[in-house]
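For clarity, chains are labelled A, B, C and D in written order, and residue numbers in each chain start from 1.
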Amino acid sequence: MNSFGSKIRVTIFGESHGPAIGCVLEGLPAGESIDFEALKAFLERRAPGRNALGTSRKESDAPEFLSGVLDGVLTGAPVCAVIRNADHHSGDYAQLKDLPRPGHADYPSAVKFHGFNDVRGGGIFSGRLTAPLCVAGGILLQLLERRGIVIGAQIQRIHKSVGAAFDPVAVSAGLLRRLNGMEFPTLEESRGAAMREEILSASAQGDSVGGVVECAVTGFPAGVGDPMFDGLENRLAQVLFAIPAVKGVEFGAGFQVAELYGSENNDSFVMEGDTIRTATNRCGGILGGISTGMPLVFRAAFKPTPSIGKPQQTVSLSRREGVELVIRGRHDPCVVLRAVPVVMAATALALYDALP
Amino acid sequence: MNSFGSKIRVTIFGESHGPAIGCVLEGLPAGESIDFEALKAFLERRAPGRNALGTSRKESDAPEFLSGVLDGVLTGAPVCAVIRNADHHSGDYAQLKDLPRPGHADYPSAVKFHGFNDVRGGGIFSGRLTAPLCVAGGILLQLLERRGIVIGAQIQRIHKSVGAAFDPVAVSAGLLRRLNGMEFPTLEESRGAAMREEILSASAQGDSVGGVVECAVTGFPAGVGDPMFDGLENRLAQVLFAIPAVKGVEFGAGFQVAELYGSENNDSFVMEGDTIRTATNRCGGILGGISTGMPLVFRAAFKPTPSIGKPQQTVSLSRREGVELVIRGRHDPCVVLRAVPVVMAATALALYDALP
Amino acid sequence: MNSFGSKIRVTIFGESHGPAIGCVLEGLPAGESIDFEALKAFLERRAPGRNALGTSRKESDAPEFLSGVLDGVLTGAPVCAVIRNADHHSGDYAQLKDLPRPGHADYPSAVKFHGFNDVRGGGIFSGRLTAPLCVAGGILLQLLERRGIVIGAQIQRIHKSVGAAFDPVAVSAGLLRRLNGMEFPTLEESRGAAMREEILSASAQGDSVGGVVECAVTGFPAGVGDPMFDGLENRLAQVLFAIPAVKGVEFGAGFQVAELYGSENNDSFVMEGDTIRTATNRCGGILGGISTGMPLVFRAAFKPTPSIGKPQQTVSLSRREGVELVIRGRHDPCVVLRAVPVVMAATALALYDALP
Amino acid sequence: MNSFGSKIRVTIFGESHGPAIGCVLEGLPAGESIDFEALKAFLERRAPGRNALGTSRKESDAPEFLSGVLDGVLTGAPVCAVIRNADHHSGDYAQLKDLPRPGHADYPSAVKFHGFNDVRGGGIFSGRLTAPLCVAGGILLQLLERRGIVIGAQIQRIHKSVGAAFDPVAVSAGLLRRLNGMEFPTLEESRGAAMREEILSASAQGDSVGGVVECAVTGFPAGVGDPMFDGLENRLAQVLFAIPAVKGVEFGAGFQVAELYGSENNDSFVMEGDTIRTATNRCGGILGGISTGMPLVFRAAFKPTPSIGKPQQTVSLSRREGVELVIRGRHDPCVVLRAVPVVMAATALALYDALP
């Protein structure tokens, strides 16, 4: 299934070079209005062709809403939004079909779908499918914000350039909103230049780089999440790994907890007025899968774009060995910048679904 | 819900100091026999009281099967297995109820359940709930093995002591079986002594340590998994984060991919006889959420046990500040060793459910 | 799967002659108390051996609660309740296994489970599995009653003896409670004697009879249910057909609507003080799958018990033709009386799950 | 949710007067071709404006496929099909919004959606939503037919005119195909004229009539279905009640079983060559929720169209009493004829989903 959620359900459909991509969003509350201008601005953060850091390809990512909205207000019926694909010149894809690209899903998906999947442009595995994810998540971000919940994300690392991480106690809605307004959202702006340089340099070599997106959420109430399989960490991980190129997810101190003593890692409880808080927040705002009322903080590691200009070794599905493959076309030398709103959208899905 | 799966469904129930814990396992194939001796041996790997590295508490983890099995063979009906809890002397838990322990789910769960949850021994958040998870997973491990799929796991890190990682190309069923037979399963046995020492030293200080469990799977066929939300990474992450104390999950090269060039990270395709394989396996056997036919390799980071002997600062739920809390009782100074079979069980759940 | 529900989930397990039967009930609200005496009284309505109208077999249907309840109050964790099966003398069931009983699931289930299912006493298809259904439903009946929702049911028909139907406008909580206290709940008490006579007469002939149970619900709020697949009618039908022997379900005027003109069948809207009601209630309180605020009224048709004393023709699974089968043992000549609380329990599941 | 299924999942979206209606169909097998001509012919059976028996309204029900199909073959990705709504002159729907039509979902849905639902043309409750249901079901009918499973349906009753029922033992694929080719599919063609007359006569009076659709399935293998909540009867009932106007569903002898003795109702097993069959088929091919291998036979009762030309009494949502409502526009005097393919489509959903 291509669906997520139980209170709400998001179903994503479409293939990169098919007629259209889109989403169906079920379970939304009737009567909430949608700010389509804000949604458009959010979708543009993901769209390609904005600057030299990404592909120069231009795609119209404007969704048409087919149902569930009347005069800008949710009717309570399923919302279907559709984004038309441009008229791709898919060329002779018979050859493409036979040569699986390293790092792409071409080979395993050919096995899974017995060769009948649409391989053009990556088909259903294309990063383009994150556009409808952003449509769904962009709507939910608005609903969450009305409940005082603000989601923001920053680029914490590009290749070897590492920037500051969120202060998991002090991170504020104001800081997140400021980041969300930046063209290259990173906490330590002075490091931003080095990060951009990493991308441009890889691009110049016909290569690509990966990075880390860090996400924070303020205003999320304590006591949300379910034990075991449906904790906040489980749900967030399930949606974050739905973003192509994510290979690791960690919460709070993450992998670093393995190196700490319990006495270092435990977050002491303190009072702040009448509210119970933790003095530190190494747990990333989640204990036992349930929110503590502190900011949620987590990170996702993105691999370098598998489509690179350099020649690569592959085989053919017809069992020919030692084929040299050169991928043509305009590709993102780094998906991390465009992935920032996608991480936010995925987070909105998981968190909205978890709320009572 | 406390359930996982769509082809099969595992539902876990029980609280640490209630009458019993257990699981219901639906969707199993009729006619498969269960090797109860092998299951018992597997469950003993998780049970407490085995050696100086864990708690000295003794618990009987022997499950009673109430349904779904006749003469040792699955009937196709739901399997319910129950493990009785010993007669705990839960003492005066009114006080316990009021003082949330740092690093535990006490506080967020009190908010979620309005104070009605059973807090004794951690209630539903207790690590003891991994016992029925191992019953379910232990059965599935047997079914997977009959299909040629072998799951194994090793301790890759305890605190500052780091051992070798799996070779993601060469890892074999034989190696995994050997690890599964070891008392302290770690690839680099010479580092095992240092790891044990970390645990004993923390224990002596009334403190605790965390670590990393690395899991590998051989024989898993190519082409399994679903795009987007139900890829293998999504499913595995969902079950791995169900294990108490896991704060990070990564696949293949994991967080390290953020530092690599695309030309370094991509795994070239090569022929091995008539089989398509990858020359390297930085993707951990998963591309686009679908298995490549190479070994699956992934890691989970465990935090140090939050229950420590040292005094800690907390508050009371009745809003008293600056309370010093000393946790009494016998606790694991490190959960990583006992978590090894739990990681395997969780993996079995996710993989069996994903198979067509 | 043996599960129902999305807001709550009920999972039923167990086989008639296995160690135990039971249920897991997830998603219940923490803090609600359970009246175990009332639950016991409700379960006794279903239990066998109460009078001459049913089997003389005695079964202890007392559930043991293994989890989710502390000091009589729901903790919010999954509730598991178990009912032990008596020590059955299942005899030589090899023969039984080979001779499918007419009207029972023996043959199709042998095909489905490749002969590995537990056939003793009907296994998972036994009417005994309605006991855990009543445990789950009995708890939900209490929660619904606290929200002002009262469910009641009556025997409207036994074989050729037909009694009055509910007045779908005037039916009251008081009437339903009175019915629920009757040993042989039927609206028109004068017809009750004839109905009992039908059962006793069939029993004397070694035969069995069917009937119709009619259910009504008062206090159910308007505006509950979902369009299309998850309307109240869909959900109720799904649980009602889970009761063994049900072959038809109808709402309001039911099959009779096929004979009416639109001008006869439509229920006019009227005001009753400030409340919108319908003057008649042929729709059974449901339009478009959504409740109208009027009483819900529906009926389920039960087939005669397939286990009869008379000789019957069957074949053997080993393909022997023309076998005469005589079923021994004590069987209900009519399941309808014991099915009344089961219909109520199933209704409680569907309605509680549908409530926001 | 507006979704059905677990092996496959069908999600229906759209409102009668919104931009479009459609469906997403997940879980279809890659590599199956779709016969679009046959699909079109099937959809035309449901489309309005075909003859004097239905509304004279003309709607284009031609679906556009946005995803999941390439060169006429399923890719294995979710199939999204969209049907554009014509440019409706919805007029001043403020008034419409305030006057709930008797027999329609207007009132309960206004309560459910707090008045924000799209009421124009019935919104999400419109019979028009059965068009995407037929798109999904029409595809599945083709896949089922390739597995030798044929679904057919006939009009068994219109108002007081009753025709013959299927012979549940002898019904053949040939008979079903012949019925599916008829303009007015009814077994007893001589009664067809009387049935049409009922419709035309009601229409002339500005009234409407209901009826009964009977459905049969041949070639469905034995041993399919799940115990309890997911038996074939449960699944079929869940989808059949999704069709607007259905108020009753019965299997095999249905409500009549209540009048039979067990010795009359039980179907004896007999051999037919090497195949086990039943001599009669009062159970409608389903025992314990599992298929017996005999034809499946069941019926759905349809209420008369609630939109009638005659004046009716209603209230206003703003609490005005005693309003006389006259519904204008062209309405079906009977939905039963157009419902025949809808019943088949719904059946295809439930049965395809149940198959292993």
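Quick note on the criterion: a contact is a pair of C-beta atoms (placed from the backbone, for glycine too) under 8 Å apart; a residue touches a chain by one contact, two chains touch by 3 or more.
Since we're looking at a predicted model, the values are computed, not measured.
Peer 1: Of the chain pairs C-D and A-D, which one is connected by the greater count of C-beta contacts?
Peer 2: Spelling it out, more C-beta pairs touch across C-D than across the other pair.
Peer 1: Please flag the chain sitting at the greatest distance from chain B, going by CA centroids.
Peer 2: D
Peer 1: Just give me the whole-number Å value for how far the CA centre of chain C lies from that of chain D.
Peer 2: Taking the average C-alpha coordinate of chain C and of chain D, the gap between them is 26 Å.
Peer 1: Express in whole angstrom the distance between the two chain centres, defined as the mean CA positions of chain A and chain D.
Peer 2: Spacing between the chain centres: roughly 40 Å.
Peer 1: Among the residues of chain D, pick out those that touch two or more other chains and give their numbers.
Peer 2: 1-3, 6, 12, 77, 112, 124, 227
Peer 1: For a test of understanding, state which residues of chain C touch chain A in their complex under the given definition.
Peer 2: 6, 77, 227
Peer 1: Under the touch definition given earlier, write down the residues of chain C that touch chain B in their complex.
Peer 2: Residues 1-3, 9, 11-15, 18-22, 24, 26-27, 30-31, 64-68, 70, 73-80, 82, 112-118, 123-124.
Peer 1: For chain C, which residues are in contact with chain D within the complex?
Peer 2: Residue positions touching the partner: 1-4, 6, 12, 100, 102-105, 107-112, 124-125, 129, 157, 159-160, 202, 207-212, 222-231, 233-235, 237-242, 244, 246-271, 274, 276, 278-279, 283-284, 286-293, 301-308, 310, 312-315, 317, 319, 321.
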